[in-house]
Each structure stands twice: as C-alpha cells, then as structure tokens.
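Consider the two complexes below, in which chain A is the common component and chain B and chain C are the respective partners.
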Partner chain A sequence: MDVAIGTMEREEKEDEEKKERNNKNGFYSNTIDDLRFAKVVQSEIMFEESARPNINYWKEVRRVFFKNKIAVTALVIFVLLVIISLVGPHIRNIDYVSMNMSEQNQLPSAKHWFGTDNMGRDLFCRLCNAVGISLLIAVICTVVSIFLGSAYGAIAAYVGGFVDEIMMRVIEILNSIPSLILILLILVVLGNSIPTFIFAMVFTSWTGSARMIRGKVLQLRQSEYVLASEVLGATKRRIVMKHLLPNAASLIILDVAGSIPGFVGSEAGLSFLGLGLQPPAYSLGSLLSLGQQVMAFYPHQMVAPAVLLAIIILTCNLIGDGLRDALDPQLRN
Partner chain B sequence: MCIPCKKGGERMVKYILRRFGEMIILLFIIFTATFFLLAAVPGNAIDQKMEKFPESVKENIVHKYGFDKPVLERYAISVKNFVIDHQFGESIVNPGVTLSSLLKDKMPISMQLSARQILFGVPIGMILGIIAACNRGKRIDYFIVISSLVITSVPTLVFALLLQKYFGGRYGLQIIGWSQPGMGFVDGLSYTLLPTLSGVFGYIVGYSRLVRTTMLDSINQEYTMTARAKGLSEARIIYKHVIRNSFIPVCTILPGTIAGVIGGSLFIERVFSIPGIGAYYTTAVSQRDIPMIMGQTMLYTLIYLVSILVSDILYTIVDPRIKFQ
Partner chain C sequence: MMDSSIIFEVKNLKKFFSLEHKSVLKAVDDVSFTINKGETLGLVGESGCGKTTCGRTVIGMYDRTEGEILYKGKDIRRLKGKDRKAYNKEVQIIFQDPYASLNPRMTVADIIAEGIDIHGLAKDADDRRNRVNHLLELVGLDKEHGNRFIHEFSGGQRQRIGIARALAVEPKFILCDEPISALDVSIQAQVANLLIKFQKELGLTYLFIAHDLAMVKHISDRVAVMYLGAIVELDESEDLYKNPLHPYTKALMSAIPIADPKIERERQRIMLEGDVPSPIDTPVGCKFQGRCKQCMERCRTETPMLKEVSKGHLVACHLIEEEINI
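This part shows the complex of A and B:
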C-alpha cells in the first residue's frame, strides 16, 4: 500500500506542476472547481480479471502438439529408436568390430538378433551404430547449415541494398549447380572423410534456409505491427525479441524438422553409391549397399537397414507435420 | 490464354536475351571454378593408370594429356577447346569415350528411363491429387494423403532395392539390365518395368500432394464461390475455375522435374545396373577422370540452367499477373 500511496502522491505532485506550467501559458485561465474532478485512486479500481489463465504461444504449441496422436506416436517411436541405438551395442556383450569367419552370414537367432554379415559381425549392433552415425551426421549438418543460412539471410535482409544484392547473387550461383554434382565435386576435391562429407552436404543446403530467413525478415520489417510498435517507441531490442525472433523461431524449428530426414536420406544415398562414408566407418547407406551384394541369399541384411531408414524418415516427417500444425496458428482448427 | 500484346512480346524477348546472357556468364564462372578445383587436387586418373610404368613412359603419358603444362595454360587450352572447338575431352580411364559418344550411347537410356517415370508418374499423381481435392475430408482423401505421406518417406533407393529383391527374377521380370535397342516396348518391359516403378512413386506422390494443396487453395478462393453462386455445375466449376488455376504451379515445376530426373535416376541406374549417363558420372568422379567430370558437370549444369529459364518463362506465360522484369 505504501508504494501505491507513494506513487499517488508523486502523481499528484506532477499534476500540480503540470497545472502550474499550463497556467503560465494561460491555459487554465478559468479555474474549475477541483472537487468535481477528484482523482480516482488507482488501487480502488477493480481490474478486469481474465476468465481463463493466460496461455502464451509456446505453451499453446506444446498443447496442440501433444494432442496430435500421430505426431506423438511418431515421437515416441523415434525416441525409442534413438535410445535403442545408443544403448544397444553396450548391453549386447558381442564383439561386432572384428571379423569372425566361423559365424558368417548367420540368420537371426537368440545370439545375433538380426543375424550376422558376411564377415561374421553382429548386424544388430552394427545397425544400432549406423543409426547413431546417420542421425549424428544429419543433426550436425542441420544445425550448421541452418545456423549459417539464417545468419546469412538475416544479415542480407538487415543490411539490404548493395550487400544484399551480392549475397543473393552468390546464392543464385550456388543454386544453379545441381546439388548432387556439387557434393560429388567437393568430395573429389577435399577427399572422403566425415568432416568433408558434412561440409559438402552443408555447402549445398544452407542456401534454402538463407533465402527463407531473408524473406521472413524482410516481410516482418515491412509488416504493419512492427511499424506500429516502432511508432509507439519500442526499442530495437524489443522489436527483435518480441516480433522478429518468435516469428522466425517457428520457421527455424520447422526447417530443422524438415532438414533432418532430408539429410538422413541423402547421406544414405551417397554412402550407398560409395561416395559418402568410407569403410571402416559405416552408416545405414553403407549397410544397404553391403546388404545388396548378398541380397539374393540373405535378404534380411538388406531389408533391415532399408526398413530402418524408412522408419526414421517417416517418423521425422510425421513429427515435422505435427510441429507445423502446432507452430502455425493459422493452420489450427 | 491471352496472346501477349506487342509490347509484352518485346519485353519477353529482352527478358530472355538478358537471362541468356546471365546464363552464359554463370556457365563460365562454374566452368572456371570446376576447373581450378579439380586442378587443385593432387591425384587424378593418370596416376592410377601408370603406377607401374617406367619414368619415360610416364612423362610421355602426362605430356599426351597435357598435364605437364602450368595450370593457367591448361585452363586457356580447355577454354579454347570448350568454347571454340567444342572438344570436350576424352576419357582417361576409358580411351575413346568422349562426351559426344556418351550423349549418343548412354544418354538415350537415361532419357528413356526418365521419360517413362515422368509420363507415368506425373499424370497419375495429378489425377490422384484431383480426386483427393474433390473429395476432401472423405475417406478416399485421407487414404491418398496418408499413403502419400508414408510413400514420400521411403527413399527411391529403398524402393528400388525392395522391388528388385521381391519382384526381380520372378513373374518374368529381369533382375538387372536394360532393354536392348532391337526390343519392342512389350519385350523390353521385362527389363524396364521395375526401374520405372521404383522411380514413379516419388512423382505420383509429389504431384498428387502439389495438385491437392493448390486445388484446395483455389477451391477456397472467392471466384470459386462466385461460380458456385452463379449456379454452375460442379464439374464445370472444377474444370473451368479450379483445375486451370491450380495447374500454374504444376506447369512451372515440370521443367525442374525433367532436369532433376536425370540426377534422381542415379540410384535406380546403380541398383539395376543400367548403363545410363548418371551411373557413368559417379564412376568418373570416383576414378577422378578429369575430362569426363568437366564435360558432364557442364552438361548437367546447362540442362539445369535451361530448365530454370524455361520454368521462369512458363511462369509469366501461364500466370498473367506476373510480369517480366
């Protein structure tokens, strides 16, 4: 209460000062009976209370996403897959690294859940590791390419003018080479290794995020509500935090959700062609190509990685769809 | 469709000429970049080829391919070869193979494979999309939407492998290979059916999703409501007002599809051992066969750039709201 009274007093003081000022200017030449204009004490007013709790954007997003049964199922399957692939090789007490010629190409059994490959290595453990590596590469590629792309796009949109023109031209040139060709060329030039492979995939994919973020920032800077808050005297920091970031954040999250399955797929494809990971490193793509060689006699060696690959991409796509519905208020029913 | 007026026509010619100029500059930049990138790599196909040869023979071979000259001179020579003489170089690994021989021997096979995929995939996909959009919210719509979501998640590669495993060698279908030139369409089908099928699903799904979304977009537009209010029959509304407008994106994406299909068939060519141009490119890359890499990179880029140009031009023709700039 003290605080309230304090502010009241200050306000009254200010009012009086103002009146005096205005009197000097000859505003209040006719004095009005002040009693009729008694000040209402702020604390006495009953503020309107909202009928239901205030839900902020991210809470709402979470609520909508977790109501989507398909997306949640996909998320659970995906998380389970990741956990199994991380834990799997450790709980199975099997040497899956060295060759074991006495157990070549075995069918699935209690000891080898998914059988063994043509060098007698346990396929279950190898699959777990392959899923881990494929996802790790996809996540690294996604993070790097979206970070670079968003920064590039935001700078281009923010600086604008001549710099923007040049930056967009660079993207145009990069986009005019088919991406697969560019990846292959980079791999030829830099040699095959995991870092160069990641670099090659990032190099061909960041342009999409850059374009998207640039478009969004340009659109937001011209939008009326940003103009309105600028006019109302909002600081730059407030505009960035309140308007630019939340709007761009949902776009970036969607971009991440869409990029991961894409990278998983292209990594598998390149490794299948023998251009991605080189042995002894292996991923789902390498296992697929090894499986293809013995497909006629031991189909499970090819089918297992193929189905896993499809499941990973499917669950990622479903999660992405759920996120899109949750993040975009215009799509909500 | 409106006939472009005279002024529009002039502008169009100007636009195409400008884009053409830009394309040539771009091609030159890419040529230069590719050349110097490849020149910066120490090893190439020659080194592998002559590992066991005596010194004098090595020198002769290096001299024959011109790799003893300084980089800038080599660059000048290859620019001259490409631009003036239209000589795109001979393969180091497979002597006698040049870009033009590839175009003659391998390109038709890749083109056939691509053409089959597009000719089957795109119309079927569009029809499914139209069916889904016309029956939105009904069971058939859900079926098409969900199955297309599942099918997009299966990479072409996985499709090809599974089809090869479970259908190849049975039902009179071949496991690998491609039809010989003498075979008719029906005889060749035993070779071509599986590779075509493995690629076709991607197009069916892609185009059905595209057509469905764009059709739903134009169904919700006001001009469709006006048409409905006028009392037009449902078939006429769909045909005259909805489909026509929703084909704009289809028209503009098609050239890109045609260009992209050559790269996309790479996995199919590899799985079914089809002697196409995509498979040759990956071999050339892994063997570092520099003249072939240069030639094919330029070829792919050219096809890609032309298709982008065509789709941009189509955009302005199909949609009169968009103007040449």
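This part shows the complex of A and C:
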C-alpha cells in the first residue's frame, strides 16, 4: 500500500511540474524550432477539449435508433403503410361501401387493385380502412392498458405493505381466469361494439404492465442513487421526475412497442373467430375470415389481409427491437 | 452547553428490524459514540455486523428504534424546514458500490450537479457548469467527461464521480460507507488518498466504514470495532493496533497480514471458533460469549458496558474490567 501511495505522489508531482512548464512556455519551448512549429495558444486547447456538445439521453437514443438500418427500414415501411391506409380510400374515388352485384369476386385489375369481394366491394379500399381500424383499436388498447397498469403498479409499489398485498392478489385472481373466456363473457354481457371490445381486451391485458412497473419501481426505490438523492434532500417530486420516470420510461416505451403488435394480433385472432367486430364494422381479422371462406377459388382475398397483418406485426416488432437497443445505454458500444 | 468540537453524538442507539413470526433482527444494539470535528472515525467489523446500518441510522437514512442522535447538539429527528435543508447539505454519503449509486440515465454533470440543483447553489447555468468542471478537476477527471454517461467509466472513476457529487454541496460531514472495498487494490490507494486530501483541504469529518483493517488504520484517527451490532472497543487508531484489549479485537488484529515475509512467517493468528451468530434473537450477556475462550459466568448473564480503561480507550469486556479493577 505504502509503495502505491508513494508512486501516486511522485506522479502527481511530475504532472504538476509538466503543467508549470506548459503554462510558462507553451509546449516545451526549449525543444521547439520556431520556424517549423506554430505556438498553440492555451485558449485554443481549451476550446478543443470542450468541443463535444452536451449530449442529452434522448438525443443519444435517437442517434442510436436511426443508426439501426433494420429498425429504420421497418419504421419507414410502417409509416408508409399508415399513410396509404389513411389516404387510400379517398384518392380512389370508388364506392366501397354499398354492394355492387355486377362486380362480384373480381380479380385484381386497374380499377380494383386488389380485386373485389363477394359483394362487389373494392378490396383495396376495404383493406385500407381495416388497417386503420385495427391499428386504432391496438393503439387505444395499448395506451389505456399501459396507463392503467403503470399507475396501478406504481401505486402498489409506492404505498407498499397491506395495500400492495391486496392489489397484487387482485391481479393474480384476474390472471387465473383464461382471458378468452373473460373477453367472451364481457362481450356477451355488454354487447358487441368497438368500445366494449376495447374494454374487454384492456381488461384482460393490463396486469402484465402493472406487474412489470411495480417490480421496476420497487427496485428503483431501493437503488443507491435514489438513496443518495434522498440524502441530498431531494423532494418526492424530484425523485419521481429525475430518477424513477427516466429509468422506467424505457421500460414503458418497450412495453408500448411490444403491446401494439400484440393487440393487432389478438384483435385479428378474435375477429377471425367471429368474436371481434361484427358486420358492418370490419378489421383485418374479419377480412381474413371472409377471405378464408373463398380461399379455394379467390386466394388473393385471403392473401392480401394476411400479408398486411404480417407486415404490420413484423415492422412493429422490429421497431421495438431497435428501440430496446437504443434505450439501454449498457448495450451501446 | 454543547461542546462545539463534537459533530455527532450518538447515545444508546438501537436499530431493530422486525421480521416474520415476531422475531427481531438487532442490527444495531445499544451503540454510543461521538464524532469530533475534523477527525475520521473508523468503523470496522465483519460483514453483517451492522456497520452500514449503524452509519446510515446515524445520519438519519433509517429511522432509529431507540436512542438519541445529536448533530451539533440538535436531535436530527426534530430538524424541520430550514434546519433540515441545511442538515441535508452538510451531511453526505459515499456509497460502497459505484455501479449502483449513480443513475445510469443521467450525465456525469447532472449527477454531480444534483445537490447544486436541489439546494439552488448555482446562480445561473454558467455558474453551474463552472462548479461541475471545478469538481471534476478536483477529483482528477477531465471536464469533458461531464457530458458522458457513467457506463463509460471504470469503477475507480465512478467512485470519484460519487465523491464529487457528495462534495458539490460543500458538506461538513461525509459517511464513507465502504467507499473503497469494491475497488481494485491499486485504485483503493488512489481513492483513499483523495479522501485524505479533501479532509485536509476542506476540513471534513468522516465516519469511515470498512472491513479492511490496514486501510482503516491508514485513514482513521480513532477506530471503533463492532461485533454483532455493538461496539466492543474504541481507541485512537495507533494505540488500538498496538495494544488491543478486547479478545475479539485481538483476534481481528492478529488476522492482518504483514508485508514482510520473515515477520509474517512468525505471526501468531488467534483463530476464532465458530461463526458469527445470527443477529436475530441474540442471547443476554456479552455478544461475543459463544466464541470467547476466556468466557466467564458473568459474561452469560450481564451485558458488558463500554468503559474507559485509559484516556480515550474504551472497552466493553468483563474480563478487562476485572483485570484493571474499574
């Protein structure tokens, strides 16, 4: 130990001597040939040192995310898909709502890009609308279930004790009932409409977020940097805003990115089974179900919604992967 | 009237944790000591003997079960409003694990400036930046490091960032909770010397918790030895290492390796039998009774009190009491 301390002190002294020399004469002036070297002014060195801008966490996240080619490609495809689905029906100027028996089950053509269905309605326009509705339902379900779940989990973790016990038991009871049965029961009791459908999906899925956020908040509250902040006299508000939220934010964002394709998938599954949206409302799942009935004769009617569904879920998952890499500083090089 | 040279006065401090089935974990059991201004009080003992809990309870991070803690003559539990804020500014902590004690989502500059922000010490953004740069230089880091996140730093560098965070609020007292035991031996000296340097320059007072006996001797003015939640011996560090009295301290001191092969070969180690008993439901009497070779009848019935045997040298042992008749 003593030896190490000795070396340290010697090194410190040498450093100080070097600094002194630098201050007096610029860089080792006795060895510099003035004709070949220009003097570097001290202030310029300082400028170079502080040239790196102050990087904020979210800027860094954005930078890393946009460097990820796969995730960016997925994002571009996803955004294009959303734009097309929003604009598509309006620029085509085709009546895709009323039945048109003279144009039943047509193959793809210049007039009907994806053909028509068994009622003679333009499939492209219907698909566009279906994508919009599927995504809307998925986004609403995600936002509501994660908001409720996070708040529930955070309260359970923050209050703790007896309240926490009861809140967690409620989640366990809910989780022990198969979600398909629960959704069916809710739809039977409340009637089948888009709001009740959303309610049924949220009701069976918020518990995952609640558990995750509760675990994270419990872990963060015990962490030494929160303790350090408390010793410094930080208010509860500051601890939540500066320590708990930023550290849980990436988890919530990942949860959102993972939930959207999940909800798109389960909505499509339920609609395919006939449990979801009822006609005249339709989504990707119900189009898939209609297409499946005529699959042997008009395979394009099933392939089109199936491919779209796959693209949406795949791109969402890829975007989620990119986000996870970007949000976790430990994974960065 | 309070002695103004005393920073912390701890009287009969107890910290119990209640467990399931009505059992009680006595992490700190009847501990009394004082910390004088400008000194370093070392706190040593085996893992799990309650050093960290004791330190954290003293500065008020944990609520005490019983006893009294006076900071500059005032009970820390009664500090409210302005006094509380001043106390939070004057009393700081450096943690053991430099990987867990810094927020990975904040830049180094924001971490260091946390106290500055909380207490509004900087006049404007420029002042804040200057203060942070100054602190970075003080702990031997480049000011350019302020823009980075902590995962880019080594353990020793992180620990220095933790020290800079504690120093940012210009504290009077720092609880050093094993600040060097998680570091490499070569870095330990670096960080320990930095702490000594700041103590001299800024007039700081430390409560230094560690289990590395050689390091504690190097850094402390006085050393308290803890065993199973109680202080068994307290003395000036030189004296304690030369002349340990309590059987446990003797065994502890005999375990220090000596950096000289000739002496090291002849070193007699006092081997203790058994393990440290569980701090849950401890028996009455001396805490050390189960492992002490000179254990007497009295040790099993009566808890020995910390008594002064010579100036500044306190021991809690019936054997020593009877030997020198106090």
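Here is the rule we use: the second predicted complex is superposed on the first by the 282 of 333 C-alpha atoms of A that agree within 3 Å, B and C clash if a C-alpha of one lies under 4 Å from a C-alpha of the other, contacts with A are read in each partner's own complex, and residues count from 1 in each chain.
The criterion applied here is as follows: a residue touches a chain if its C-beta (ideal position, glycine included) is under 8 Å from a C-beta of that chain, and two chains touch if they have at least 3 such contacts.
Only a predicted model underlies this, so the values are computations on that prediction, with no experimental measurement involved.
For the composite obtained by overlaying on chain A, chain B and chain C can both be accommodated side by side without a clash. In the superposition on chain A, A:Ala268 makes contact with chain B only, not with chain C.
In the superposed model, A:Val79 lies in contact with neither chain B nor chain C. When the shared chain is aligned, chain B comes close enough to touch A:Met295, but chain C does not.
In the superposed model, A:Leu136 makes contact with neither chain B nor chain C. Residue contacts after overlaying the shared chain place A:Val170 against neither chain B nor chain C.
Using the contact criterion defined above for the overlaid structures, shared-chain residue A:Arg238 touches chain C, although it does not reach chain B.
Within the superposed three-chain model, A:Leu184 lies in touch with chain B and out of touch with chain C [touch as defined at top]. Superposition on the common chain A brings chain B within a closest Cα-Cα distance of 12 Å of chain C. The contact sets of chain A with chain B and with chain C never meet.
Remark: chain B residues 26, 29-30, 34, 37-38, 40-41, 149-150, 152-155, 157-158, 161-162, 164-165, 259-260, 263, 266-267, 270-271, 281-282, 285-286, 288, 293, 297, 300-301, 304-305, 308 touch chain A in the complex. Chain contact summary for the complex, chain C toward chain A: residues 59, 61, 84-85, 88-89, 91-93, 95, 97, 100-107, 109, 111, 114-115, 118-119, 142-144, 146-149, 151, 162, 165, 169, 185-186, 188-190, 193, 214-215, 218, 259. The residues of chain A lying in touch with chain C in their complex are 1, 4-5, 8, 49-50, 52-57, 60, 223-225, 227-234, 238, 242-243, 246-247, 329-330, 332.
Residues 173, 176-178, 180-181, 184-185, 187-189, 261, 265, 268-269, 272-275, 288, 291-292, 295, 299, 302-303, 306, 309-310, 313-314, 317-318, 321 of chain A are the ones that touch chain B when the two sit in their complex.
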